[in-house]
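Each in structure tokens, the structures are laid out below.
Both complexes below contain subunit A, partnered by subunit B and then by subunit C.
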Partner chain A sequence: MEVIDKKEDGFVVFELRGRLDTAHYLEVEKRLNEAVVKGNSRIIVDLTSVDYISSSGLRVLLLILKKVKELDGNIVLFGLNENLKEVFEISGFNKFFSISDSYDGAKAALFS
Partner chain B sequence: MKTKKITIKNNITELDRINEKISGLTADWNLPSSIAFNINLVIEEIFSNIVFYGYADNAEHTINITFSTNPGQVKIKIEDDAQEFNPLILPLTNCSCSTVNNAQIGGLGIHIVKSLMDDLNYSRVNNKNILVMSKTYNGQINGSN
Partner chain C sequence: MDITLTIPEEIFLLSIDAEGNQLENKEFDVVLASSILMELALQNRIDTDLDFVIPDQPTLTTNVMLDEILSVIHASEKKKSISHWIIYIYSQIDRVKKNIISGLVQKKVIRIENERLLFVFSSKKFPIIKQKEIIEVKLRVRELIFNNDIPELREIVLISLIHYGSIEFVLFTDEESQEYRERISQIAKMDMIGQVISRIMSEITMAIRAKVLLRIKSAEQRMDDLIEKFKLDNNVKSDVELPEWLKKGTVQYHKTLHFMDETGATKINYNAEDRTYLVLED
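== the complex of A and B ==
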């Protein structure tokens, strides 16, 4: 699992690459946590290069979402393939997360 | 009917090996990528439950996964010698709650398994948990869909 972060004006973009599963979620949890601890409460997560997610991956994203909500922030996801979209739908997580089709859409949603 | 059996240990690092095996099966059996994704996901959810909650000891245990296929259907049998656990008796609970803060995520993995599979059957035989899951799919190639 590769995690690439990029600081923008007023938000951070995390690009994840690989499998967000039980064997690999810890790195993602660690990096996102560090960003929130530093006070970053507006986060875009680029899932374009994530081809797989399990309940462990969903839990990490939910954990971070709860933390940024406490700081009055938000997380917007984009780049989900059809399989990932299905997992978000059957788990009900699509109701918690803002999900956009593009980076520009995610940016707009982050500040709406 | 084609079958393939793999034997793994009760260690979460085995997930990578499971994924490799499923990739091989997907190619050999010409399974749609969405079915391969679903198989991967349900096995991870069941396997991680067994590894994290199934054993009271720290010993090494063996888990058998048998795949079989008929045209348009894949069956997965998971056998383990962990404590008796029937995932099918858990209520089907997804995050139907309205806010993030009261989101209940316990049982999420099992919920995903129940949602993705068409048929599930649990039995306890000779001190083993045996879970059989099956998924049917349209075996015809329909253009780009």
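== the complex of A and C ==
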């Protein structure tokens, strides 16, 4: 899995590519954690190129969400394909995350 | 000194009433079996998706029984469903219970009291020595339901177990269960292992009734049969060539599996145009 981060004005964008699964969740957790430790509490996660997510992947996102909320921040996800949308709905994780269809929508949601 | 309890230990403690009587029935046994898988998931030893258990880190835990189950999961050649592993653990539930009880006794949280009734039957009670442990678990979970916080992973697991195991009464009054029904079910479904519990319960209950526990085929096994038949009938050589509704890992496969589960069917067909399943005669 590729994890590409880009610092923007007041937030960080993480672009994930591949499968957010057993083999990769630790790397994603590490990278997101590092960003939070550096004081980034507003994060956009681009899931456009993610085609699979396991429970571990969902858990990592939830853990980071908790951390940024403690810092008065937020995480917004965008670019979920139909498979991912279904996983978020079936698992109820969609109730806890801001999910947007586009990058612009995600940016707007991050500061709303 | 603080004691660290595992999820199976916590759920076992929750099932003990003020007199030390422990809830004993087949449904609770399914809850306990599921809690073992959940503990392994929390310790990053296994991962799951909507249907399957995926082996994660093979390193040993500090619990012999968890390690035994973990080694079987890791040694399994094919990835198997969540329900397969719950049934596997359920098949050795007496040993699982003994392990949980001895763990709690060792940690000096409960003691075992043998009771003789009418000079014939003896039953066991498990008076709780350290009430603090159980009070803390109860407070933690109740508080989460009553506020709108983002849940911790351990709380998700416990709520999922009591909700899908139909034992909400160990933590909530009937009125509370009613009032917070939406929040409870919303958090409960965040655990994919938990979501399978109610399904397994009805499968096991039916199997026990029919006394054919060893003969029943899970929905996943019936799906495997169906896939093999499809491959033969359509000269399909590899899984990659299968249609979405039979291809493992796809959302449509997940839907097919649920349909098989709900209907108990062994032969079905899928109409991709109107997205409907049809049960075929055996």
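One rule holds in what follows: the second predicted complex is superposed on the first by the 112 of 112 C-alpha atoms of A that agree within 3 Å, B and C clash if a C-alpha of one lies under 4 Å from a C-alpha of the other, contacts with A are read in each partner's own complex, and residues count from 1 in each chain.
The working rule: a residue touches a chain if its C-beta (ideal position, glycine included) is under 8 Å from a C-beta of that chain, and two chains touch if they have at least 3 such contacts.
Bear in mind that the values here come from a model prediction, so they are computed numbers and not experimental data.
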{"item": "Partners on subunit A (subunit B, subunit C) - clash or fit", "value": "clash"}
{"item": "Partner chain(s) touched by A:Leu65 [first = subunit B, second = subunit C, both, neither]", "value": "both"}
{"item": "Partner chain(s) touched by A:Arg19 [first = subunit B, second = subunit C, both, neither]", "value": "first"}
{"item": "Contacts of A:Tyr52 with subunit B and subunit C, given as first, second, both or neither", "value": "both"}
{"item": "First, second, both or neither for A:Glu29, with subunit B first and subunit C second", "value": "neither"}
{"item": "Contacts of A:Asp5 with subunit B and subunit C, given as first, second, both or neither", "value": "neither"}
{"item": "Region of subunit C that runs into subunit B when the structures are aligned on their shared chain, from 116-124, 134-142 or 188-196", "value": "188-196"}
{"item": "On subunit A, the residue positions that both subunit B and subunit C contact, one per complex", "value": "21-22, 52, 54-56, 58-59, 62, 65-66, 69, 82-83, 86-87, 90-93, 95-96"}
{"item": "Complex contact set, residues of subunit A against subunit B", "value": "19, 21-23, 52, 54-56, 58-59, 62, 65-66, 69, 82-83, 86-87, 90-93, 95-96"}
{"item": "List of subunit B residues in touch with subunit A within their complex", "value": "12-13, 15-16, 19, 33-34, 37, 40-41, 44-45, 48, 94-96, 98, 100-101, 103, 105, 108-109, 111-112, 115-116"}
{"item": "Subunit A-touching residues of subunit C, taken from the complex the two chains share", "value": "41, 44, 47-50, 54-56, 150, 152-153, 186-187, 189-192, 195, 249-251, 254"}
{"item": "Subunit A residues touching subunit C - in the complex, by the definition given at the top", "value": "21-22, 25, 52-56, 58-59, 62-63, 65-66, 69, 82-83, 86-87, 90-93, 95-96"}
